[in-house]
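Both complexes below contain chain A, partnered by chain B and then by chain C.
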Partner chain A sequence: MKFKSLLTTATIALGLATGAVAQDKTKVGFVYVGPVGDGGWTYEHNKGRLAVEEHFGDKVETVFVESVPEGPDAERVMTQMALDGADLIFTTSFGYMDPTINVAKKFPDVKFEHATGYKTADNVSVYSARFYEGRAVQGHIAGKMTKSNTIGYIGSYPIPEVIRGINSAYIHAKKVNPDVEFKIVWAYTWFDPAKEADAATVLIEQGADVILQHTDSTAPQAAAQEAGNVITFGQASDMGEYAPMPRVSSIIDNWAPYYIARVQAVADGTWSTANTWDGIGPGMVEIGEISDAVPADVKEEALALKAALADGSYHAFTGPLKKQDGSDWLADGETADDGTLAGMNFYVEGLEGEIPQ
Partner chain B sequence: MIVLEKRPQPSKAWSYATPLVAVIATMIFGGILFALLGKNPVEAIGTIFWEPLFGEFAFYYRPQLLVKGAPLVLIAIGLSLGFRAGIWNIGAEGQYIMGAIFGAGAGLAFYPLDAWYIFPIMVLAGAFGGWLWAMIPAFLKVRFGTNEILVSLMLVYVAEQFLASVSLGLLKNPEGFGFPGSRNLQSYESAHNAELIAGSGMHWGVVAAFIAVIFSYVLLNRHMLGFHIRLTGEAPRAAKFAGVNPARLILFCLGISGALAGLAGMFEVTGPSGQVSIDFNVGYGFTAIIVAFLGRLHPVGILLAGGLMALTYIGGEIAQSQLGLPAAAIQVFQGMLLFFLLAFDLLTNYRIRAARSEVA
Partner chain C sequence: MDLGEINPVLLVASLMVAATPLLLAAIGELVVEKAGVLNLGVEGMMIIGAISGFAISVETGSPWLGFIAAAIGGAILSLLFVLLTQVALANQVASGLALTLFGLGFSALLGQSYVGVKPPSMGEINIPFISDIPVIGPILFQHDPILYLGIALIAAVWAVLKYTRIGLILRAVGENHDAAHALGYKVIKIRIMAIMFGGACAGLGGAYISLIRVPQWTEGMTAGVGWIALALVVFASWKPWRVLLGAYLFGGITVLQLNLQAAGVAIPVEYLAMSPYIITILVLVILSADKSSAPASLGRIFHASH
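Showing the complex of A and B:
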């Protein structure tokens, strides 16, 4: 009780103290799970932060802390930002969920935005991108390009977001190549270049000539380049330095428009709790340039698929689809609802192996 | 020319002075590093060391020092006993994980029962989990003469796999929408290691760390077993003549360090962390090795060293967000601390002498 009242007093005092200043300057904090130089997930969030700075200029001050472990350390970093007068804090990893909620309770006047989670509160919004739409395009290209019919997939953690990506990529690879097979390796990390490179090497040795990754570093790209004749896709960021081979395309997370909009809302005092899940259409998910290593007709099909996903005429999970155990999931023409997708914990029919339990 | 000459006796003065000299050298060279990064070195060092203790929001950071330091001290105390006897448990991180799994598992087995005895059972289960995990290298060493450094270290990675497995299966929150991770113990009253006085940072783990410091001090200075531990480390042959049973000593040292690491994990998972999750462990077991050596393997030294490490973590985060220092610079700064400590340690056992270069 004492702690809370102390903190509240502090926040009120701060609110009063910074009130006069805050009118012309909004302070925004970012908590990152990896280093800003990871070339993937955190890199793109940081690009979003820089875009905020550029857009608002002097009106906004941003601060960030990188490589923050998920747990009590994250809670402390968020508290510290709130104490230092942040008006809005973006917490950019799934594991920051409970810490975000905890800190948000202590600072009712500070707004929080948690990426990829599901817990909201009066001052906590959640946001994520429909990466699975990008995975559909990726799966299509992968299915067309593979010669060994073996596609390697480096999973991070078996959480719904990652499983959705695997399913979406598999469905669309299978559609264009019925013989395709997926080999999935779980790395249990978002960012660990050594582990990711090992995983890629193992998959390549097992005959995979396409590597899809849901981890954030460029290490798998480097491993594929070394092996030769293996193609990859940039993850979270364009990873264009590996184009045209092995990287033939990429899924890019573009957080900048969302971050700018939310900072604007805080500055205007119009911020309210939201649950945002945007895909290719609104531009939160982008498909990086498809390189010349991909035949023109495949590229055309992929771009058509992207356009259909963008204008909503096609949903990446459209029936008929069965679950891995053979039970029915979606009837012909039926599309998956967001609730099922959000908590997806099953493979679709045809994928081998089990989701780690 | 300068030569190193072995001292007949390790210098007492230097053994006390090296940690201080190392801290000062770290500040100087860290300051140079920060200056090269374009930051004001005085401000950066000041932020790291001053802000958490006496800054504007010290009321929040001071308790956090306890929260961050307690697991380090608790683990380091256990490790120091073994290190003194030349028994190298490098796998405290794994024992920490197993303690958390056992402790949280015991509590979650009772969910949602509300009873006073649940938390004590969890404490015992946590200590048991860590002890059990440390018994593997201990048993293998006693029975087959395996190297405990390798075995205990390798078991860290096995424990991490266990952690991932229970987060995704056995202990997964049934109301967690398929996401990995257990129920949050902070919202389960009977199993929650709450702050004893709200806002003080004092939870049972901090209490346990202080008790461990006292017991370890008494054990080493006033007890036969403590004497045997020191004797084995300092003069193994003499220990043999004194009738020390090496097997029993190995089992004791690894067992106690495992149990303490397990306790640290248990208190962390039920308190500050609240949840068994795949990324639960953040390296306390490894950092504690630094803390143990920084504290000269002495209980009081370890207490101070734990506080210092916690300070650099918390101050480092503040410096990151306030001054925009990269995380890597903070890590280099922490690395320097150990580096300088080991470097100056040389002076405890050797003295530097100017020697005339002789013509061959």
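Showing the complex of A and C:
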């Protein structure tokens, strides 16, 4: 009932706000999973939207609806946007995948862009960032800096994107600290500050002195700050307000160049279905400043790792690697192919616990 | 799996913290519903409390002033509900939903400049000797004052409803407003007071999240606690001590399931994640087998001409 009325209000407001606009403008819609003020994931997508507005000025009009639940409600929001004349719609969460495909079928002339998914169509592109490259850098710093050898990881949902991050962080933490152990908690939410803070507190109480998060709010940072002597990493956004401690570095999603390029393509009529997956090299993933809380030599190594990932001389998943069950995955020197990574549903050897199915 | 890593003392201590926002919001709503009013705007009043408490404590440096501001903020927002339902005689369900939507949006607006700010810490009550007793000390005597206020409120509401004349009048208004009116009680006035009390409690609950449990301000940070509080009141059969039990069960299992996950217990995570809801509902449904029912005038509009 709550979401229903929320959405009704939102879509009506959208309709009112956009009904009178002239048709020669390119109209771009954004569907967000959290509030634009979450300080993380949605905040960065919204920054991308603002960059589009700034870049194109009067030629483009953008609309957005925030806090749209993943599921059927998302379909209604997208449908309304398309009916209101949007030319291009960005749907910015994994759970919007099927709704996006469904709505795209009904509006063949509208272009859709779905973040972090893998289903494409004639008018649906997918785009994502290779966050796992950033996770490799985090894992390195975490492995070097943990004193309790216990690293806590707050997962959102057990989807490939999150599992890739866990594996990548673990591999690189283990490489520099063979005794390291990961404790993984699934929050089953992208955004619930109280629950995220509880999860962080629980992990800290159980001995973790590094907290990695794959949820969208800054709550775990606040919980770590409260506990003291725990380090964290900004997720999706810099979360620089928690630097230099507990936040010692971050992964920043930089969507602006991609959004601008895609809007330009629609305006020019050159848009075509694409499957974009960029990492540190092209700048879609940025590593936030490594703070002074990190020893200088560790910082240097981390930056070297970042550089190697950026120029392609090193892949975050390089063999020899085994799966959790002990079976071989990658031979010595072999690197993971994108297909396996995109659908990753297994832990690498050494991680404990099972992935919820 | 290593259950030894779960520290039961810390577990109990943190479950009390996790339960308090829910407890505060639910006890307020209980009083409102006992007066015969269904206010679905708990979530909205909580989030307004969260931001007004946060903003004032950051500006003044005093968490106490923050909590007072949160209670006032929640009560002021509830006045909007009063205006709609008690003065304009609008539908209570629709007005409550509107209150939540308004609260969520308005709090986001108010909170623009408070994202990423750290609030002053309230600190814990530390009683010499008593707080240092092993096990009992950390569980019972090392918390922030608001947590004790929550428990005290439960006791106070229970005592007032059960033993005092005011409680009797409030219940009469909730059970049969026409009869109460005929006896000369000011139905509207009593309901307004109850609604404002509910708003103040919800505001406190919200501020507890933004000032103590998390502590920070993020848009939409109450993330549905208000809705759980509403359900809790019903499942607790409008009885204060059951609200306490339900809130502690819910908070407790939420924290426990995170602990079990972190310790690597081999129970599928999906079951752990839904366990707080299921167990709380089950226990309270079993308890409510005594057929205690809702206040008879709950949700009905009163006008003196009827």
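Simple rule for what comes next: the second predicted complex is superposed on the first by the 333 of 357 C-alpha atoms of A that agree within 3 Å, B and C clash if a C-alpha of one lies under 4 Å from a C-alpha of the other, contacts with A are read in each partner's own complex, and residues count from 1 in each chain.
By our rule, contacts are C-beta pairs under 8 Å (C-beta built on N, C-alpha and C of every residue); 3 or more make two chains touch, one makes a residue touch a chain.
Computed from a prediction, not measured in an experiment: that's the story for all the values here.
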item	value
Chain A as common anchor, with chain B and chain C clashing or fitting	clash
Which superposed partner A:Ala223 touches (first chain B, second chain C, both, neither)	second
Contacts of A:Phe94 with chain B and chain C, given as first, second, both or neither	first
Partner chain(s) touched by A:Tyr188 [first = chain B, second = chain C, both, neither]	both
Partner chain(s) touched by A:Ser67 [first = chain B, second = chain C, both, neither]	both
Chain B versus chain C as contact partner of A:Gly207, first or second or both or neither	second
Partner chain in contact with A:Pro356 - chain B first, chain C second, else both or neither	both
Partner chain in contact with A:Pro160 - chain B first, chain C second, else both or neither	first
4-12, 184-192 or 256-264: stretch of chain C that collides with chain B	184-192
Overlapping contact positions on chain A, where the chain C interface meets the chain B interface	1-2, 6, 35-36, 67, 158, 188, 356
Contacting residues of chain A [partner chain C, same complex]	1-2, 5-6, 9, 34-39, 67, 152, 158, 183-186, 188-189, 191-195, 197-199, 201-203, 205-207, 217-219, 221-223, 225-226, 239, 241-242, 352-354, 356
Of chain C, residues touching chain A in the complex	5-7, 10-11, 14, 18, 21, 43, 97, 100-101, 108, 111-112, 115-118, 121, 209, 213-216, 218-225, 227, 254-255, 258-259, 261-264, 266, 268-270, 273
Chain A-facing residues of chain B, complex	56-57, 59-61, 64, 67-68, 160, 164-165, 168-169, 172, 177-180, 184, 186, 195, 197-200, 268, 272-275, 277-280, 282, 313-314, 317-318, 320-322, 324, 326-328
In the complex with chain B, residue positions of chain A that touch it	1-4, 6-7, 10, 29, 35-36, 63-73, 75-77, 79-81, 83-84, 94-95, 98, 102, 118, 157-160, 188, 342-345, 356-357
